[in-house]
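In the two complexes that follow, chain A is the common piece, with chain B as its partner first and chain C second.
What follows is the complex of A and B.
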């Protein structure tokens, strides 16, 4: 294991150019798709498509430009643990907020009942 | 303890080998980037909550941003990530000339991004759309009046997120200037190049933040016609 990580891995140039090409194609896809009203089919579809494409792009950058695919297991575990903490932040907070009706501030419904008489 | 068999230039005395030193540097940078991830994560969370609360303000506000300019900056930043990756490659090859060339290209692309951003910000100030000072001019070509406050929330998020991102770009430019200076002096060799590599990690991280900001801010209202 230690011997494996000690290897000095140099990513070949063609990998960098291929990743760059893929990033450009995905950018074009996200701009192109954003013009269509996918919400007509399902409310959050536009944002889901946009975030899926962005996540694919980010994964390509992390794996190849940032060499995580070729890094030590320890580095890989650290990267994944960071994403896990980010998921806790986002998911647990949004579970609370998304349980309230959309389109109005969270204090609006409470204010009437608590502070305003009648 | 016996001293190391060979003294390697660039190896700090508290590390056993170049590989151990490099691994420590990489992990240290990744831990810093995770704190950055949580830092930006808080803003992305704020974006999600406000967007859920004020969907109309985000649709109207998104129309105020220029998709061509945002797209241009996306292209510039991804290209700069490529030149940075190539810089790391040539530092590993020990090619000083190409290392300096690609670091300089990355710096110029980063500065080009900031110039475009400057003109976008200036346009917002000129049109009374900076959410703090002189906000909103009823006579101007703004979204309908009823969206006033909700558009303001969107613009706060826009300035906070892109502003923090631009600040990271400025810091990145400073790092690149330092790297170019050191590379020209011949500090980096085939054996010792981890400063270039971990600075590259930082640069790519800032690129990733923009990869998410572009669709969330610029493209969110793109499918709704007849906006601004």
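What follows is the complex of A and C.
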């Protein structure tokens, strides 16, 4: 089945260096942005920037360093389904946290401050 | 299914291929690993059973007179932990799945035999840690490890138990991974997806849950252990954590884990019913896809454990609705099995008795689940004996009944010997009666308001509790009997032959017990599963071959 899909695909070294460079750039962005409190402009902006950078970096690692871009469709489906199931965990849990009514027990009001910046 | 048949005349098989301890402990043969699992989980089942007996002994009287409240907490926790993590989750996949799946696929072994052996060692390591926990005084949090019971209010071995569960989880992941890759890549020529036995479909769905769900519970209990050890605020409100977050993360795995326990059992029942009624399973495609539907829907319903845990009303409504939806694929299976039996050529051998028991008991278990899925009614029933009765109808009446039915059905394949049929039927009947006597009164006592996890109770509940304890002793007799007659049959049982049930399926076309490489030829599949006219052809062809030989 998967014998001659790109298991032995040879990735040119320059691709690895390019990805490494991109990761370094994004790290620099993280360090740079950390100097400003973006909450000042818009409540959740800090976390949005941090998560966007992290997601892009993780995607690069998975696609190139872990060779998923050159793998069989089946492998790709499995990677995506892993992320999809993580999304289920997060979305359905947040469904509870985001839809809490006012007048909750004291420790529950504490919950909001942890998960919803701003 | 295969066109070619060869009755092996040699007596070489996987059991006599090496007799040393080393040949068992370092085996890469999926059949031997299945047997290693069979012995280990039987020991854990016995330990869990002893704890169950202690619970039922305590509850004979309304006063807490046999043990203190703290001891009782430890006893029911250890019962749950042993039965769920060390018996039910590995039961059918690791024993029968390991033994049968490669043979059903016409393969020589699973895709990763070394990982398969590793999974058993990880299981034993995790199990040993849990035994150490048990000897060190056990844990008193309930098998669910809810904080704050497990964070600030427990001075028992929660950290050790958490590490044990963390480690054991990897054994489950490796089994699931192995099965999924094996099913994808090692099917015999001609064995298309829709020619797979339903046992294989059920195990595919189970593997999906094992791979996608288990890491979450592993991280959750690890987070709990870290919080206890290093005071990191994750679940403890005093440290800025949130106990409800634990429930979300725990049930994200542990509700689908219920389907890890029941789906393989449903796969077994499909095989038993098809072969014992000599009919193709009615609506094969629906039964196959309902397994996948249960696996996927199973991930979307965990919030129904949290209707009274300050979960938001909106989330409660969504979870309640999806929980009702899970009833649909389960009902598809039940209806299709009963439609298969209709006008079938039914034989009432022990496996079929278990299959019929499964249909009845699982239906009761499933339907009472709908009571609990109702947002309003659950407020009354939450944490009562009604819940205890419900999940025992699913877990014992479903999962264990399926496990026992499957063990009886494939015992001749595993050992080459028949179990004594009369004793099999008697013990199945005892288990059915004992089970109902144990757990039916618990529906009543729960509905009347008896909470779970209490060692003392109001005197008016005593009659129902005595009935339940009496049933438990009958159930214990029923569980102990097979141990003896199976052991007896290994030496003295009637020789089974390759296909004592005249069943379809590749596993019945190799010798009993099978050779180490499963088949002495490359099986080729040309038919759909459960086509019994071909079984007759194969049998006649075999006879002809023997005559000419």
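By our rule, the second predicted complex is superposed on the first by the 93 of 118 C-alpha atoms of A that agree within 3 Å, B and C clash if a C-alpha of one lies under 4 Å from a C-alpha of the other, contacts with A are read in each partner's own complex, and residues count from 1 in each chain.
What we mean here is this: contacts are C-beta pairs under 8 Å (C-beta built on N, C-alpha and C of every residue); 3 or more make two chains touch, one makes a residue touch a chain.
Please read all numbers here as calculations on a predicted model, not as lab measurements.
Applying the stated contact rule after C-alpha superposition, one finds that A:74 touches each of chain B and chain C.
Looking at the superposition, the partner that touches the larger set of chain A residues, chain B or chain C, turns out to be B. When the two structures are aligned on the shared chain, A:82 is found in touch with chain B and with chain C.
By the document's definition of touching, both partners, chain B and chain C, reach A:93.
When the two complexes are laid over each other on chain A, chain A has residues 74, 81-82, 85, 89, 93, 97, 104-105 in contact with both chain B and chain C.
For chain A in complex with chain B, the residues that touch the partner chain are 5-6, 8, 10-11, 13, 16-17, 19-20, 23-24, 27, 30-31, 34-39, 46-47, 50-51, 53-54, 57-58, 61-62, 64-67, 71-72, 74-75, 78-79, 81-83, 85-86, 89-90, 93-94, 97-98, 102-106. For chain B in complex with chain A, the residues that touch the partner chain are 17, 19, 23, 26-27, 30-31, 33-34, 37-38, 41-42, 44-45, 48-49, 52-56, 67, 71, 74-75, 78-79, 81-82, 84-86, 89, 92-93, 197, 200-201, 204-205, 207-208, 211-212, 214-216, 219-220, 222-224.
Across the complex, chain C meets chain A through its residues 184-185, 212-213, 216, 237, 240, 242-245, 248-249, 252, 299-300, 302-303, 306, 310-315, 318-319. Partner chain C is touched in their complex by these residues of chain A: 1-2, 74, 81-82, 85, 88-89, 92-93, 95-97, 99-101, 104-105, 107-108, 110-111, 114.
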